[in-house]
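Could you have a look at this structure, given as C-alpha cells, before my questions?
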Amino acid sequence: MTTLLELVDVTAFYGSVQVLEGVSLSVPDGGAVGILGANGAGKTTTLRAISGTVRAGGTIRFDGKDIRGMRPDQVAALGIAHVPEGRGTLGSLSVRDNLRVGAYLRKDRKNIQADIDRLLELFPNLKERYSSNASALSGGEQQMLAVGRAVMAKPRLLLLDEASLGLAPSTAKNVYEAIGRLRSESGISMLVVEQNANLAFTLVDSATVLETGRNVLTGTSAELKGMDEIRRAYLGG
Amino acid sequence: MGTFIQLVIDGLSTGSIYAALALAIVLVNQATGLINFAQGGMAVLSAYVAYQFLQWGLPLILAIIASVIVSFFLGAVIERFLMRRFERGDPDTAIVVTVGLLTLITGVCAWIWSYNNLLFPSLFPLDSIPILGASVSVRSIGTTLVILAIMVLLQVLFVGTKLGLALRAVAINPQSASYSGLPVGRLLMVGWGLAAILGAVAGALVAPSLTLTPGMMDGALVYALAAVILGGLSSPVGVVVAAWMIGVLENLAAVYVPFIGHDLKIAVPFVLIFVVLIVRPQGLFGRKVVVRV
Amino acid sequence: MSAATAFFSRTWVRWAVVGVIAVVLIVLPLIFDAPTNSTLARIGVFAVAVLGLNVVMGYTGQVSLGQIFFLGLGAYVTAYGVNEGWNIVLVFILAILLPAVVGLLVALAAARLGGLAIAMVTIALPIVGVPLAKRLSEFTGGSQGTSARFSSAPEWTGLYDDQWQLYVVIAIPAAVFVLTRNLVRGKFGRAFAIVKENEAVASSMGISPYRYKVLAFTIASAIGGVAGFLYMVVIQYTSPETLAFHHSITLLASMVIGGAASILGSLIGGAYYVLVPQLTNIIDPNLTAVLQGAILLLVLFILPGGIVSLPRLWRRSRGGRGLGSPVAAGAQTTGIATIEGTRASHAGDYASPVGSAPAVPPVTGPESGPTDKSPSPESPEKRQDT
C-alpha cells in the first residue's frame, strides 16, 4: 500500500508561540487515519499545516511531492480537500452554489451536475434544501454540505476537522455514518481530527494521539481502543 | 411639468454617476472589507488616461475603451501592491491608506496634466429631444443608459458565471474559498479591477460636463458615500436606488427650494441621511451588520 | 528597564524637565525673530487641531475627515464675535462651544451607524462647509472671508505682536495639551482605547461604544474650535478656503505622520502641517500633492506609529524580540475567530497602525515566496506585519 500523505517532524508557530513541536504521521492511499487528543493539542494546526494555512517546518509530502509552503489553493489543486473547523460554509450562497464552488477546479463540466446528484443521494437533507441559503441549514446539514463541497473537487485526500463540533450526539453520528458511506463509495483517503475518539474509531483504521504539539501514541484503531490510557482519557473509562 | 421632467432625467443621469462610484465602493468593500476613498480619484485618473489617448489620436470611443482596460489593470495592481497588507487589518487604517492614495493620484494627475480645466469631448451629441413636453438632453439619457447597461452586465457576471461565483465566494470567506482551490489573491485583484472599470466609465461620462481637473470627482465621491450609507454596504441594488434618489432630489431641491440653490444642494443627501438613519440605522436596504467576535 | 528610563521616571527629574521646558517656552519668543515666531505660532495652532483629531481618531479609532471644519467654525465664530465687539473671553468660550455642539449633533447621528460611517459622513463637513460659508455672508463675509484684529500685544507687556501671539499660542495649547493628556490617561482614555480595539468587548464590559464615540468626537470638535480661535489670533483672517477639503486630508496625514494616539505626535503633526508644504513648494510646487501622498503612504507602510514611534522602534530593534508571547497568544484566540472567515470589524486589533503599536516585524519574519493572497501561510494572526 502506498503512502499518500507523509508528515515528518512537522513544526508550526502562531507568532512566536510554538504549537507543533514535531508531529509525524502517514496516511496510506485509501486509508483513513485519525488525529486524536485534547483541546489545544495541535490537531487542527496539523491539518492547517498540511493545507498551507499556517507556515510549518519539517517535511510534508503528498504523493511523494513536497507540499510544505504551498498556498491553500495550490494544495487544493493537488487533490487535498480541507473541511475546516467550523465548516466554512459560504453562508449567503445557496447549497447549490456552495457545491458549485467545490467544483471550481474541475475541468469536466458535464460530470459536475451528475456528481451533485449523486452527492444529494448520499446526503438527502441537502437535497431538500438545495436552493436555500447555506446559513439557513442546521449544524448537521451544514457539516454535510461542507463535506459535500470538499468532495465535489474529487480530491484524493480529505482533511476533516472536528466534524462533530457543536452537533448533538445523534446528529454527529449521522454525519459520521454519511461520511463512512462516502468513503466506501469513493475510496477517498481521509485524515480525521476528532475530539470524540469513539466517533473517530467508527471511521478510521488507525490514529495518532497528540499532546502539546507532538505525538504520544500511534496505532491501529483496534490497538488504541484496547489501551487503558486511551480508554480512560478519551473513551470515558 | 417640463422643467420637472428635465430635472428628474438630469438627476437620474448624475445619480447614475454616483451609482457607478457607489457600486464600485460596495464591490471593493464586499471583496476586501475596506472603503476606498480613492475610488473617485481613480476614476479621474482613468478619465485623464482616456484624455491622453485622445491626444494621441485615438477616436473617443476607443480612447474610453483603452482607458477602461488600463483602469482594470491599475485597480488590480493597486490591490496587489498597495492595499493587500491592509485588507485583513483595521478598516480605519485601510481608509487612511486610501486617503493617501487619493492624495497621490490627485497629485500625479496635477503633475502630469496640471490643475487647469481640460475639455473632454462628450460621447453623446449635445442635442435635446422632446419628451412629454420637456426638452431632455440626450447626454443625460445616454449616460443613464450606459451605466445601467454596465450594472446589468456586472450583475450577470456575478450571478451567472463561474468567475462571478468565485468572486462572491471569496467575498464571503476567503480562506474557505481557498480550500476549494480558488486563487483568492487573483480574485481580489479582479474585484478591484472591476470596480476600477465602473469608475473609469463614470469618469469618462461625467468629464465633458464637469471639465477634467484633478479634483473632478471629489464631490461625486461624497454623493457616492452618501448613497452607500443610505443603501447599505450589503446591498448593491440599494446603493444604486439611493444614488438615483440623491441625484434626482438634489436637482429638485436646487430649483424648488430657493434657500438651497445650486451651491448648497450637496447638503441634500446628508439631510436625507440624518432623517433616514434616525429611523433605520442599517440604511434603506441594508441588513443589520453582525459583528462576530 | 534601561538606565535612561529609570532615570526619567524619578519624580524630581520629571519636575525638573517640566521646569526646563517651561523656562525654554517663556524665553523662546523673546529670542527668535518675527517670522520664526509666526511659524512657531502656526505650528501651535495646528498642533492643537491635530490633537483634537487624535482624540477621536488616534485614541478612539474613528476616522474623521471633518476636523478642519471645526477649526474653521471656531475661527469664524471668533471673527464674528470680535467684530461685534464681544468680550474676548465670551468669544473664546463660544469658539469652543459652537463647534462642540455641532460636533455632538453630527456624532449623535453618525455614530449610530457604526462601522465606517463617521468617516463617510465627516467627509461631507468640509465639502458642505465651504459653500455654506460662502452663502452665509452676513456672518462670514462670504467668499471674501473676514478678518479680525484683536491679538496685538497689550501695552503693559511691552512685547511685539508676534511675541505676544506666540505666548498666547503657547499658553492656551499648553493648557489644552495638559487637559487632553489627563483625559487620555484617565478613565475616559482607557474607555476610548477599548472601544477602538474591539467594540464588542467594550459593550460586554458595559462601555457603550456609541456614547464614547460621541464623546470623543465632541471633544475633538471642541478642541478644533480652540484651534480655530488660535488661528484667528495668529493669522487674523479666515475665509471659506480655511476649511477646504484638501486641508482636511493634510490634517489627517499630519496626525498619522506625527504619530497617532500620541500627545507628542500631535505636536510633530502640527509641525508637519505647517513646514512640509512650504518645503515641498520649494522643491516643486506641482509635486506638492504627489509628495504628500507618497509620504503618507510611506509612513503607513514603514512607520505606522508615526515619527513619534521612532525611539520605540530603535529600542526594540536593539533589545527586543518583537511581539512577545502574551500578545501572540492573545492574538491567537482572536486570530482563530477570524480564520473562520468572519470579518469582525475591530476584533483583536493588536497592531493597528492608526494607534500606538510600533512598526515591529513579527518574529516569524516577512512572508516568503507566495505572492497570492489566500489566507497567508503564516500564523492566523489577523494582522499583517506592520
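Letters A, B and C mark the chains as written, and numbering starts fresh at 1 in each.
Everything that follows uses one rule, which is that a contact is a pair of C-beta atoms (placed from the backbone, for glycine too) under 8 Å apart; a residue touches a chain by one contact, two chains touch by 3 or more.
As the structure is a prediction and not an experimental result, all values here were calculated from the model.
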(message) Among the chains here, which has the CA centroid at the largest distance from chain B's centroid?
(response) A
(message) Out of every possible chain pairing, which has the most C-beta contacts?
(response) B-C
(request) List the centre-to-centre spacing of chain A and chain B in whole Å, with centres computed as mean CA coordinates. (result) 43
(message) How many angstrom lie between the centres of chain B and chain C, each centre taken as the mean Cα position?
(response) 30
(message) Averaging over Cα atoms per chain, report the distance between chain A and chain C in Å.
(response) 49
(request) Can you tell me which residues of chain C touch two or more of the remaining chains? (result) 339-341, 372, 374-375
(message) I need the residues of chain B touching at least two other chains; which ones are they?
(response) 172-173, 175-176, 178, 182-184
(request) Would you please write down the residue numbers of chain A that are in contact with two or more other chains? (result) 53, 71-73, 84, 88
(message) Per the contact definition, I'd like the list of chain C residues that touch chain B in the complex.
(response) 57, 61-63, 65, 109, 112-117, 119-121, 123-124, 127-128, 131-132, 134-135, 198-201, 245-246, 249, 252-253, 256, 286-294, 296-297, 300-301, 304, 337-347, 349, 351-355, 371-375, 382-386
(request) State the interface residues of chain A toward chain B in the complex, per the touch definition above. (result) 51, 53, 71-73, 76-77, 81-84, 88-93, 97, 100-102, 104-105, 149-150, 153
(request) Could you pull out which chain B residues touch chain C in their complex? (result) 33, 35, 37, 82, 84-93, 95-97, 99-108, 110-111, 114, 172-176, 178, 182-186, 188, 214-215, 218-219, 221-222, 225-226, 228-229, 233, 261, 263-264, 266-267, 269-270, 273-274, 277-278, 281, 289, 291-293
(request) Enumerate the contact residues on chain B facing chain A in the complex. (result) 162, 165-166, 168-169, 172-173, 175-184
